[in-house]
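Sharing a structure below in structure tokens format, with a few things to ask.
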Amino acid sequence: MSISAHLPVLQVVLPLISAPLAVLLRHGGFAAAIVTTGAWAAFAAAIGLWLQVAESGTLSYHIGNWAPPWGIEYRVDRLTSFVLLLVSGTAAIVLPWSRASIEREIPQELHYLYYAMFGLCLAGLLGITITGDAFNIFVFLEISSLATYVLIAMGRDRRALTAAYRYLIMGSIGATFIVIGIGFLYLMTGTLNLADMAVRLREVENTRPVLVALAFLTVGISLKLALFPLHQWLPNAYTYAPSAVTAFLAATATKVSVYVLIRFYYSIFGESLVFEQLPLPQIMLVLSLLAMFIASFIAIFQDNLKLLFAYSSIGQIGYITLGLSFGSVTGLTGSIVHLLNHGIAKAAIFLLIGGLVLGLTRPGTTPVVPGFDRLAGLSKKMPLTCIGIVIAGLSLIGVPGTAGFISKWYLILAALEQGQFWLVGAIVLSSLLAVAYVWRFVEVAYFSPPPASSTDIKEAPFSLLAPAWLLVIATLWFGLDTSFSIGAASDAARQLLKTGS
Amino acid sequence: MHVLLILMMLAVLAIARTRNLFSVIVLSGIYSFLMATVFVALDAVDVAMTEAAVGAGVSTVLLLGALHLCRSDEAKPTHRPWIPLSLSTATAAMLIYGALGLPGFADPDAPIHRHVVPRYLQNEIDIPNVVTAVLASFRGFDTLGETAVVFTAGAGIIALLRRRKKNGKEGNPDAG
Amino acid sequence: MTHFTYMATVFLMVAGLYIVIARGNLIKKLIGLSILQSSVFLLYVAPGKLLGGTAPILSPEFSLYSNPLPHVLILTAIVVGVATLALGLAITVRIREAYGTIEEDEIVALDQDDFHDRPENQS
Amino acid sequence: MQDDLVLRVIGKILIPYILLFAVYVQFHGDFGPGGGFQAGVIFATGIVFYALIFGLQQARAVISDGFVEAMLAAGVLLYAGIGVAGLLLGGNYLDYFVLSSDPIHGQHRGIFWVELGVAITVCGVMIKIFYMFASHGDGGEHRQ
């Protein structure tokens, strides 16, 4: 057998197998090694797939050697391999980081289960991304969701439990809506294979069940991607989950949901149905703007650093869906590139906050996310952590030279293309809100005198700083050299809209 | 079958109105059992067997176990449920709108009967129970995912409910 | 026939959805979620029935079989549903231990107290 | 409940048949309704009955926590491992055709093993969940 021919399935199966192995061994250290290896293998597979797709176009892998639509197909195109890289890459960076942090955040005897859940969550997210079968999306969505609920509930604060419960309820309603949508599509087309479904859907395009399927899939997926106002599960889930979990989820979980939405809109329903039959783009435009303004505005007034950036995430998701609502190559490029740019910036911020929390907590006590009063003058004690947060924060604002600028630039171009000048103003104005919430951190960390009691605070150790700074550097890199990010995103967008490539 | 469906609707109404959780759990067991019977009427014997074992059996035991640990009855609702009501009504309207456009019941020309499925019924791998053949072979990867879901739930419950260090005396198994 | 089955399915779904979002008791919500999930099974399985067909277990005596594919999908969905329920109940048990109640309103009130009383004081 | 003689006798008679029925459901799945999942549930029910009648401690002595936890993992690994076997024998993932020189026989072999994998995981999870719920309340530190 040649490994390169089986990369699509190995991509998912390697992290999937790492989880039961971790449980079988029942040892934190071994579990860490196995699951981390699984994640790195998945990252390597994603790079391999990226190269294969660049060379020979869309790949199709028939699991069980059953041809689609009878068997389950794995299908990798430009967008798929881009999202696979983002998800597996984030896991490959976050897992080594989490070694030191869960030591303090999760009881010793649960470490192997933490790693098992992490592996399952990763495998689930990769499986959703790569699969070419509608029902298989649901199955892998549930693997990743159940693992996520457990990971969130592992947080030390009791509010982690209620956050996990709320996410379980809202996530399951979302998943059920997705199943209803897939059910209607299946009843109308008789197939579950996405490519086959897209072809057969053309015959029944304007029937009522198809429109209802579109509506249910939109609502279901929007619940999972925390589109305003379906975001209520997100703030507490991000805030009370263990730091490594927050960083991983913020960079991947909502992004994969966006990917599924893009997949259904452009590859299955087709832009003519989505953008002409229903007022979906208008609704999405309004909700995106509400997310950008209201969530960012709420973020400004949070006294908990993690909560602040959780609300910022909801606002940033608004930019991603805003790009979708244009239905143009430029807008879609902006959305796709923002998946990456926001993902890495947010992962960097949450990893750095994780290090900051550990630094502010005395050894042997439960780490608690500090209020702003405890951050006063912190830049003197933890300079590298603080400057990292500021740089990634600049990317959230969209300052030129950071990755976030590139995404916003493309969104503005897309708005100009359609002659919607007021939207340009809205994008700039909402960025000012991001300035305000990032400034709150800068003000307290750099311009407030440190309290007298803070003498024993030290900079985070290298093992926590290095992975986080890798992401910070990536944020700067993708702000200056866009050949990878924009190249990939615009290729993917053109492929989706079938305008050459 | 109409009778069964009407009974199920009545069971759900009773569940919604009852505040004694023990009764609610018993009612939901009955609901699952009725559902299993409906599946038999629809020729879905494998599904019926699983629904009876899982819905009426495992779920009921789990719910009773959790109720035993939580010892609770539902409190009186404090606010008027206008928002849930309107959301539910909107969902119902959408569903009815879509369902009325679906192919007719038991229409042999519906896409689900004409496409994909005929090959499954040719028995090319010599397994008489087609459900098993599709489940384990044609769509075997879904079933691997399903097993992984079960594993996730199991390992997750260990992570959630494991006693932290101070293992208490264990005995009295009447929680089930 | 057709309409009644679909309407009954829709009724069950919506009733389940209503129980999940309107009720405050955490166990009751999970029961509502189960009803919502299991009513979707009917949406898949009912259209698979063929009049005069039998269960899809091949034998020389029959020639018409009901559609097996929805059965396969729903078997998976049932398992996913019970896995979600089990996990939800485990979280509920932990919530009860941590808060002493499983009523949503009371939990929200307790969390708000938390927020004002002990903002991040470390011990 | 552990002291009820009638229950113990009935249990002793009944439980072997429950376990046997599980085995039947497992291996008859190719021909009639049933398969790994249902068999796993039924087998676990037998064990749960045993625990209810003879006491949780007794059941845990027969099937230990560590063993149950290994079962959870072993089933998934078996299933995923069959897929890997397909790869190693030159087919695609979960390709059962290559598991034997006769493709149809290969299919049967593959289905047999993956159904067993499902049964092991499901059975392990059901028993484990029962153990967790049953023993959880007894610490009593949070309760009156």
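Think of it as A, B, C and D in the order they're written, each chain with its own count starting at 1.
The working rule: contacts are C-beta pairs under 8 Å (C-beta built on N, C-alpha and C of every residue); 3 or more make two chains touch, one makes a residue touch a chain.
Predicted model, so just to flag it, every value in this text is computed and none were measured.
*Asks:* Could you see whether A-C or A-B has the larger number of C-beta contact pairs?
*Replies:* More C-beta contacts join the chains of A-B.
*Asks:* In angstrom, rounded to a whole number, how far apart do the mean CA points of chain A and chain B lie?
*Replies:* Computed value for the inter-centroid distance: 30 Å.
*Asks:* Report, in whole Å, the distance between the mean C-alpha point of chain B and the mean C-alpha point of chain C.
*Replies:* Each chain reduced to its C-alpha mean, chain B and chain C end up 6 Å apart.
*Asks:* At what distance in angstrom does the C-alpha mean of chain D lie from that of chain A?
*Replies:* 36
*Asks:* Which chain C residues touch at least two other chains?
*Replies:* 13, 17, 21, 30, 47, 55, 57, 69-70, 73, 75-76, 79-80, 83-84, 86-87, 90-94
*Asks:* Two or more other chains in contact with one residue: find those residues in chain B.
*Replies:* Expected reply: 45-46, 50, 54, 58, 62, 65-66, 69, 95, 99-100, 102-103, 110, 112-113, 116-117, 120, 128-129, 131, 135, 137, 139-143, 145-146, 148-153, 155-158, 160-162.
*Asks:* Two-or-more-chain contact residues of chain D, please, as numbers and ranges.
*Replies:* 31-33, 37, 69, 72-73, 76, 80, 83, 93-94, 96, 129, 132-133, 136
*Asks:* Linking chains that touch, what shape results: line, ring, star, complete or other?
*Replies:* If you draw each chain as a dot and join those that touch, every dot ends up joined to every other.
*Asks:* Could you list, by residue number, the parts of chain B that touch chain D in their complex?
*Replies:* 45-46, 48-50, 53-54, 57-58, 61-62, 65-66, 68-69, 125-129, 131-133, 135-137, 140-141, 143-144, 146-148, 150-151, 153-155, 157-158, 161-163, 166-176
*Asks:* Which positions of chain A touch chain C when the two form their complex?
*Replies:* Going through chain A, the ones touching chain C are 135, 138-139, 142, 146, 149-150, 153, 158-159, 161-162, 164-165, 168-169, 172-173, 176, 179-180, 183, 186-187, 192, 303-304, 361-362, 365, 368-371, 374.
*Asks:* Contact residues on chain D for chain B in the complex?
*Replies:* Counting only chain D, the residues touching chain B are 1, 29-35, 37-38, 41-42, 45, 48, 51-52, 55-57, 59-60, 69, 72-73, 75-76, 79-80, 83, 93-94, 96, 104, 107-108, 110-111, 114-115, 117-118, 121-122, 124-126, 128-130, 132-141.
*Asks:* Chain A touches which residues of chain C in the complex?
*Replies:* For this pair, the touching residues of chain C are 13, 17, 20-21, 26, 29-30, 33, 36-37, 40, 43-44, 47, 69-70, 73, 76-77, 80, 83-84, 87-88, 91-92, 94-95, 98-99, 107, 111, 114, 119-120, 122-123.
*Asks:* Hey, which residues of chain D end up touching chain C in the complex?
*Replies:* Residues in contact with chain C: 31-33, 37, 129, 132-133, 136, 142.
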